Amino acid sequence: MNQFLGQHILSVKQFDIDAINQIFDVADKMQRYAKRQARTRVLEGAILGNLFFEPSTRTRVSFGTAFNLLGGSVRETTGLSSSALAKGESLYDTARVLSGYSDVIAMRHPEIGSVAEFAKGSRVPCINGGDGANEHPTQALLDLYTIKKELQFHGKSIDGLHIAMVGDLKYGRTVHSLAKLLCLYKNVRFTFISPPELGMPQEIMDMITNHGHQLNLQHSIEGQFDADICYQTRVQEERFPSKDEADKDRGKFRLNNAIYTQHFESKTVIMHPLPRDSRADANELDNDLNRNPNRAIFRQTDNGVLVRMALFALALGVENLMEEYETPVPWHYADK
Amino acid sequence: MNQFLGQHILSVKQFDIDAINQIFDVADKMQRYAKRQARTRVLEGAILGNLFFEPSTRTRVSFGTAFNLLGGSVRETTGLSSSALAKGESLYDTARVLSGYSDVIAMRHPEIGSVAEFAKGSRVPCINGGDGANEHPTQALLDLYTIKKELQFHGKSIDGLHIAMVGDLKYGRTVHSLAKLLCLYKNVRFTFISPPELGMPQEIMDMITNHGHQLNLQHSIEGQFDADICYQTRVQEERFPSKDEADKDRGKFRLNNAIYTQHFESKTVIMHPLPRDSRADANELDNDLNRNPNRAIFRQTDNGVLVRMALFALALGVENLMEEYETPVPWHYADK
Amino acid sequence: MNQFLGQHILSVKQFDIDAINQIFDVADKMQRYAKRQARTRVLEGAILGNLFFEPSTRTRVSFGTAFNLLGGSVRETTGLSSSALAKGESLYDTARVLSGYSDVIAMRHPEIGSVAEFAKGSRVPCINGGDGANEHPTQALLDLYTIKKELQFHGKSIDGLHIAMVGDLKYGRTVHSLAKLLCLYKNVRFTFISPPELGMPQEIMDMITNHGHQLNLQHSIEGQFDADICYQTRVQEERFPSKDEADKDRGKFRLNNAIYTQHFESKTVIMHPLPRDSRADANELDNDLNRNPNRAIFRQTDNGVLVRMALFALALGVENLMEEYETPVPWHYADK
């Protein structure tokens, strides 16, 4: 019996190294189905309640796809206004009702703590798909899983990793969660590159040093970084007090081919939580890196499906039954 | 051949006792699948057109879940603006087109009579999921089914029932339909408790007395009620001519633990059509009754899935075939 | 190996007669499943990404239904605002991400060329479901397929066809695409009936004459037409410079029973891309033709499912495997 059986997945704080390894082992087994080397119908007849009270196309579709690939059906709800929550229904009531319609729930909601509150009323396992500025644990897991797979490809492991995190580290939910998870490993070096106003919160820096990891802070991409991973995030203009302040920092936290070549090693893996702004005046990750084989940003989103499949399989206790329900794939499927 | 085969389900007026018993017998058989004691794939390949031209999360998801649990697929449409109806397409045309895409249709629409009009153009059975202030027959059926099951638990039957209906009985569509269905039974006692302005319509009261049932009217929850069922509905502030009028009645039609204990018997089953307003100043059904085992409000919504499964099975003629298409459920499923 | 295997379907320009015949042969085989004479599960486990960044109920549901009837699952996205595109994500990025979640994509988007641009980033075949004023190839195919089947019923073939196209021929995307496809056949006669301001674009008229087809232009429905097909489109009021101008032409391009009887032969097939405006002051196709057996407008939408099933089957290479995955239909299904 796995430790996730029938459990909610609400926060990265729930995970220790054993838990993560278990999830990643199951995710590895899911590759086969995501690549359409076989199809499994183990969850045929099961229903995912995919509740996106806040819009998020990619996360919503990724959860739904993950469930479909295990054979299950998806009942979806999007938007807040169309729901009874808008008429004063409590999250407890909503959870009691909607959990009666499904076997497992994935939920995103704009309010901090809302998914945990919902989970209290739910009669089935709930997976947090993002609760405002608080947590988005499946994003953190898919980031960590990607780091593991990318390092594996280069013959390395997460222990001893050097990761640079660039951009808005104050409001970026994904970098907070990822940093917390990385603290579970050994001898990690963190380089944080951000405007002074948008630095990593002190409590996370404390956690890093308390775990004995190394920490370097910079306010621009300067010098040479022997980072294994460069995790880029967006610096949103509206975070700055004025347009002048924003202009002052413009381009300092951007990654393009020239900056990458000058400051990073040729093996440094490029990650980004997506979506990235690809408009001309954007400041995050340029398209001229699109052909760089170390750009892992779409391997990240692909991995998201594997990790979510793993969580569904574990929560519903079918992590060892997928093969039993396998059939061959009859349609043409180009290797993606 | 059952009487619902290929038929529309538009109004509670269609049902007599035999019809209701047939639906409820099939609903009883659905419990097995709703509880995941087995899965059935009898409708695999069938398509439900789930057309919610007016938002309603719980009813929409309940219909979709019911169809999924029988093995079918769901194609969903929500909102009015995004549909061709907004460009002047007639309901007849919409029905001709969309019925070509599905095996059965569940439809909600804000206008009275719209679902019946749609059904005229449809080439497949349509189930009314609510047409404005008019009808919501599956809600009435699930309410009646819940009453039957709750009474059964207490060793009673619907004949001889005493039901109290509390709150806005003038605009409450659900209490009208439920009262009509209860008229089909024997020796029912109705106690209607509402503000004078929001009383049960005269035609329904006439129907009750014409059928020889007993009727008591009250304007507040006072005295002792030996009711088997207390069916609570919301009194919406905007129904009153002024805030002063609303304030005058505030609390008179609310049910909480103190009021329940004082005025009702300890076995009285508490029902509510949901959603209920759980905000502090709401006036319907307090959370302090949440632990009361007679609070049946979430059993109601669970029963909604069974009743809708039964209607789909009857309309498509598979009410005796579910077991033939059964397979075991491989995933972990806690008893809800 | 069919020529559509793994290919995008973006424009009618991709098709020659052989391609069309191949699609239509597969569409013919789909009738069996659309009529529920059997169900096939050949695409069970495959996922359609149904991306409707512009609303269109009938096209969206038709694609989804087509995929469901082959056994596949559908993950759907509707609306532009709720997507990352609104945050500056490029179509390339959106395509890379979402194509990782599906086996094939159907996409509608308000901007000309957007689907082709999306397809460049996609790792799976994309089918254009309409890109603004540009193309809507599956509508053109379903129109052509309908013409073929209707003529077949009357013992005729597309070669030698006489088609009248009536209404707004300038902005009507469907008539442009259909005219282009008809140019691939032999000896077609085109009669274009439109206000002078809303005539067929010169390049399409040139194409018709260059292919040696006959072309007649008229500015109102007058005289006798021995047309096999009358393809009616809407004349939208807002296309005219003023209400006066619109009033001047009112009724000239409308088809009702009196006009049909007076100007067309009794076998002339009536087509319309739908939706039609059925309001009293509308000017397109009156309900008094609803009982005319030559009114093929709903056979058109039914055929849309067949054509889309065929395209999915061809793109995924299962066009000869459907029967292998057949099972009997257990539910009651009235012949639509």
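Note that the chains are named A, B and C in the order they appear, and that numbering of residues resets to 1 at the start of each chain.
Keep in mind that, in the parts below, a residue touches a chain if its C-beta (ideal position, glycine included) is under 8 Å from a C-beta of that chain, and two chains touch if they have at least 3 such contacts.
A quick note: this is a predicted structure, and the numbers were derived from the prediction, not measured.
**Q** If you fit chain B onto chain C using the CA atoms, what's the rotation angle, as a multiple of 5 degrees?
**A** 120
**Q** Is it true that over half of the residue numbers where chain A touches chain C are used by both copies, so same, or is it different?
**A** Different, since most residue numbers here occur in only one copy.
**Q** As a quick test, compute the distance in whole Å between the mean CA positions of chain A and chain C.
**A** From the centre of chain A to the centre of chain C is 40 Å.
**Q** What are the residues of chain B that contact at least two other chains?
**A** 73, 76
**Q** In the complex formed with chain C, which residues of chain A make contact?
**A** Interface residues on the chain A side: 36, 39-41, 55, 57-58, 61-62, 64-65, 68-69, 71, 73-74, 76, 78-79, 274-279, 282, 287, 290, 298, 301-302, 305, 327, 329-334, 336.
**Q** Could you please specify the touching residues of chain A with respect to chain B in the complex?
**A** Contact set of chain A toward chain B: 5-6, 42-47, 49, 73, 75-77, 81-84, 87-90, 92-94, 96-103, 123-124, 316-318, 321, 324-325.
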